[in-house]
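A, B, C, D, E and F label the chains in the order they appear, each numbered from 1.
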Amino acid sequence: MLDTLQANLLSPIPLAFTLGVLTRLMKSEFTLPPDLYATLSIYLLLALGLKGGAELAHATFASIAKPAAVTLLLGCLTPLIAFGILRWLGHFSSADSAGIAAHYGSVSAVTFIAAQQFVQRVGAPMEGFMPTLLTLLESPGIHIALAIGAVQRTRAMRAAGVTTGGSIGKVLHEVLTGRTMVLLVGGLIVGYLMGESGWKAVSPFFDSGFKGALMLFLLEMGIVAGSRLGDLKKVGPFLLAFGILVPLLHGALGVALGQWAGLSVGGCTVLGTMAASASYIAAPPAVRLTLPEANPTFSLTAALAITFPFNILAGIPIYYRFAQALA
Amino acid sequence: MLDTLQANLLSPIPLAFTLGVLTRLMKSEFTLPPDLYATLSIYLLLALGLKGGAELAHATFASIAKPAAVTLLLGCLTPLIAFGILRWLGHFSSADSAGIAAHYGSVSAVTFIAAQQFVQRVGAPMEGFMPTLLTLLESPGIHIALAIGAVQRTRAMRAAGVTTGGSIGKVLHEVLTGRTMVLLVGGLIVGYLMGESGWKAVSPFFDSGFKGALMLFLLEMGIVAGSRLGDLKKVGPFLLAFGILVPLLHGALGVALGQWAGLSVGGCTVLGTMAASASYIAAPPAVRLTLPEANPTFSLTAALAITFPFNILAGIPIYYRFAQALA
Amino acid sequence: MLDTLQANLLSPIPLAFTLGVLTRLMKSEFTLPPDLYATLSIYLLLALGLKGGAELAHATFASIAKPAAVTLLLGCLTPLIAFGILRWLGHFSSADSAGIAAHYGSVSAVTFIAAQQFVQRVGAPMEGFMPTLLTLLESPGIHIALAIGAVQRTRAMRAAGVTTGGSIGKVLHEVLTGRTMVLLVGGLIVGYLMGESGWKAVSPFFDSGFKGALMLFLLEMGIVAGSRLGDLKKVGPFLLAFGILVPLLHGALGVALGQWAGLSVGGCTVLGTMAASASYIAAPPAVRLTLPEANPTFSLTAALAITFPFNILAGIPIYYRFAQALA
Amino acid sequence: MHTTLPMHTHPFKLVTIIAEPVLESRLTMELRQLGATGWTVVEGRGEGSRGIHAAEIPGSNIRIDSVMTHDVAERVVQHIATHYFAEYEVIAYVSDVAVVRSEKYVTPPKKTG
Amino acid sequence: MHTTLPMHTHPFKLVTIIAEPVLESRLTMELRQLGATGWTVVEGRGEGSRGIHAAEIPGSNIRIDSVMTHDVAERVVQHIATHYFAEYEVIAYVSDVAVVRSEKYVTPPKKTG
Amino acid sequence: MHTTLPMHTHPFKLVTIIAEPVLESRLTMELRQLGATGWTVVEGRGEGSRGIHAAEIPGSNIRIDSVMTHDVAERVVQHIATHYFAEYEVIAYVSDVAVVRSEKYVTPPKKTG
């Protein structure tokens, strides 16, 4: 276990992330230009989609059906678990609980990619259809958590005689047509249609550069996470523990369900990581628009400054070990 | 014919473009960051120039002279043809006719690149000096169309007793020193001077990534074109037909003249595509400054939402078939 | 000598730089988008750091100690030499002298990279630890020059009864945690920790693309330098001569000290180039904040429009010849 | 500030709204509904009095400037005070401007509605 | 709005022009010719009343702010109304500002010209 | 410009500062110290009257807008005139604005300090 952890810490992704955090701790004003950050995420998501699409050609419907089903199940269970823990153990307001649950019920694509790189490096590559599963897990958790929050909000609003502005329908449309979905789903379809020959033509761009671009992206993620470390004291010890223990819980659930659905050790590790990860791209604006009284400091700090680093630095190797143990 | 069309539709460029259009039709707000769009176009143009320059070393003056001459001829004929059709068949105002003709008399570098990729993929690569011809076709058409427009405008102005602001000389200077010309002409010269060894040093950057970067660019082109589809009803049926039939006419002319000048099937296809394509980078600001009463919705919608997609999806394979038939 | 110069002029970096200058001279408004410029410099610095870090594993402390010592010595001597020449030969104000000396006492990373490419191309590669030396030379010169300037300024201020705003401590912190230091020092550490296997994973991104990205960067450097050519007449003949002769002096000093410290011909060339180069990234804001009465036109024009082009086009081959002669 | 209007210009109100970027499309839609005829958006960053820094959601702040009649300005300011101040990071202020082409800034049907 | 000028400040006019980006260099040149001593340009996006959305030409809109004397403002506003309003997407408005260092905003030879 | 305040709004000052980007963190820190409760920064480019174009240091210009009380505006303007005008490329101007939620723009301890 320890040497898996250590080997992980000395690999490019965690090192770049740590450099970013340190940069912030040294109070450097360095940061990637905003367009570069956007560019890298577009590149990574589209590359993931295209490659996943090209590999989808080799998959049979039978082999995907069960993994897809458990992924959707995870998409329903994890926001409920997170909401319950926050509301009844943590005594958070219902808006805050729903807001945070929306983040933990969805998924972080970069954490997914880090897991993919990890299992590749340790020689247990994941199934080629995993990016497809990623697209399934992005939105259900957000929808479910926001629905819970909206019901409570409407009740409170009606009591107070106020009418609200942000329509849920519009927000869900925004999640479904946001950057992640367009690039991942679009990439999968394009990758599938253009097939091996098409992928070969563009892979010098989308494949060879992938690891390096990822490193640059993780540097910025470190800077972003580092700049939130100061908020750790604002969120309190409960959320701190939540940010580590709930990923472990969701991760274990993901690995176990993946195992049941017949995934390889690599596939189980990645599914566990997906379940354990918290969204910080799609969820925040959706929550902000529909549940404005939820404090964004809570959800963003938990997702970005606790759970993301935990997964990158320690979570992924743990889910991997667990997957090995179950296999 | 049909299978050439279908094979083209399933290749990376048309697929990426279609994904972009669909993204817009789903009302997604996704778009590439403006600096990424600029970066990709700089990269593509400079790569095209450098490679073309390195290959220019192998070309003899004799082999280029005739193709260059017919290219310049196309640069003079196509704006006149377009102006005539718009003014006398379409009954557009003289400003609108000149404005649109400036777009169709010039050339779209991305359409050129798509044609280059197409002929490469079908095994009929173009001559190495074709990028040089591209630079010849960029500006004459704009100059000629704007000159027609300016003459009419000055006449009208003098009648109305108004003096105008935008000097044509300044505008032509802007076209000649704009991004496309700097990168293409500059790239050709630098590529020529640094020769094979220089090109080899930088080709891992400028060559290997080319197809992938192009795909990303076409995704954005699809988004831009898609966001103009709503304007199709504003431009009326005449311009719709114009946007497809005039490219076919100009394309046939280009292929035929290329054949006469001794170009290969690939070279003829690309020359036809050049003639058929409409500029949407260099022409719009030049037209806006010199012919402000021309409605930019007309020219941009025709160039971007009709002719560009038509060429990418169907035009190029058609010009290729025509070139094969003539050969 | 002449053919080394000519071969250099026809290699990608000087050609791209010259194209940029010409672009400006033709009054083109073309320029790279600001985020692309920032992106390229981040990429180049991080790539330099990572590779240098991976290579640091092969170096012994003994082999670095002496070169590091002479680098620090250069960092102390060059700002003093520059200040003395400007103040007592050139009769510049003490603020202007200190401001310019801060630029020449520091180093230009891009000039370093150009030297690295040069020695590689001529078959005399530098030592793998040279990027480490680069980080040592960045800040001492700025600190020393600003300290001189600040002492004089405080004296003048106290005489005039004014208190000043910009604290030197804050400015030095900004230099030490600026982009260059974060990426170079951070890259070195990460590169060292991730070792050969990590470097191999990311080198398709950070190594293969390096030369091409550098070319694009030099194009923009040419545009920036070209837009300062108009200021040449404002700075006067003394600064013009200074911008060429002081680099030759510093360069010779660097080569000689490198030779004494046991560096190879390639290493001596690069160390000489480092000493000869003038900072235009880290120094300008630091000088602006602490010595606002120093005229930035002087320092920026000298560093960017005189010394940078001189080193790129002619200086590097000269230092190389000198290193060969001493070897 | 005791000065006179330039010739041929008319007095209007300029409403400036600084808000979290997620609100852009909602705010501009509502501006239109309340009778504004146009607006200009610029991106920026800022600091204010709040503990919650929702602006840390990537994208910082947007600044919307819209020229409108006094009546529409009244409605817009009230609308923002009622619907945004409690829960969002939004500030708004109104200043006096003189415009040429005053008809551009008036939506006849909406003004009296 | 009935307030007083801060001490040591002087009343001037701030002219704000929002325009298509292709017009930037022409507009700033003309501002200079009409007697403005400087300006600041910011990039933005916007919507207005026109059918023709020339701003769809890549680059959206620019916003030019320029502090100037009342007389120069008068001339600038007239110039823009005459030369731009008919054919370009341009709006302009004037507001009152108080500046320190009033000499910065006056071009002596031009002011009387 | 002889118009009235919208209902429920209060008169305040808007101070706009246009400066070299290196000054951003220093200026915003000082704004806070002088009693401003917030500000918004936008990036731009510009031209002015100076021979020294320090703005050529990459990054162009920044524009800081800050709503504050008349007293704080007085102090801010004086501060900038004293500490920046001689050596830096900085301009500042003050305009009148009407705000809702006036308490947002007042720092009670600082105002009297």
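Here is the rule we use: a contact is a pair of C-beta atoms (placed from the backbone, for glycine too) under 8 Å apart; a residue touches a chain by one contact, two chains touch by 3 or more.
What you are looking at is a predicted structure, and each value in this text was computed from that prediction instead of being measured.
Any chain that touches subunit D and also touches subunit E is listed here: F.
Common neighbours of subunit B and subunit D under the contact definition above: A, E. The chain with its CA mean position farthest from that of subunit A is E. Between the CA-based centres of subunit B and subunit E the separation comes to 37 Å, rounded to the whole angstrom.
Centre-to-centre spacing of subunit A and subunit F amounts to 41 Å, using the average Cα coordinate of each chain. Once the centre of each chain is set as its mean CA position, subunit E and subunit F turn out to be 19 Å apart. Looking at subunit C, residues 33-35, 39, 208-209 sit in touch with two or more other chains. The residues of subunit E that reach two or more other chains are 1, 3, 5, 42-43, 95-98, listed in rising order. Inter-chain contacts, as defined above, occur between A-B, A-C, A-D, B-C, B-E, C-F, D-E, D-F, E-F. Listed in rising order, the residues of subunit F touching subunit E in the complex are 1, 3, 5, 11, 13, 16, 18, 42-49, 61, 63, 70, 73-74, 77-78, 80-81, 85, 91-98. Against subunit F, in their complex, subunit E makes its touches with residues 1-9, 12, 14, 28, 37-43, 65, 67, 95-101, 104. Subunit B contributes residues 10-12, 15-16, 19, 22-23, 26-30, 32-36, 39, 208-213, 215-216, 219 to its touches with subunit A in the complex. On the side of subunit F, the complex with subunit C involves touching residues 20, 22-23, 26, 51-54, 56-58, 83, 87-88.
Every residue of subunit B that touches subunit E in the complex is listed here, in rising order: 34, 37, 165-166, 228, 284-285, 288-289, 292-293, 295-297, 300.
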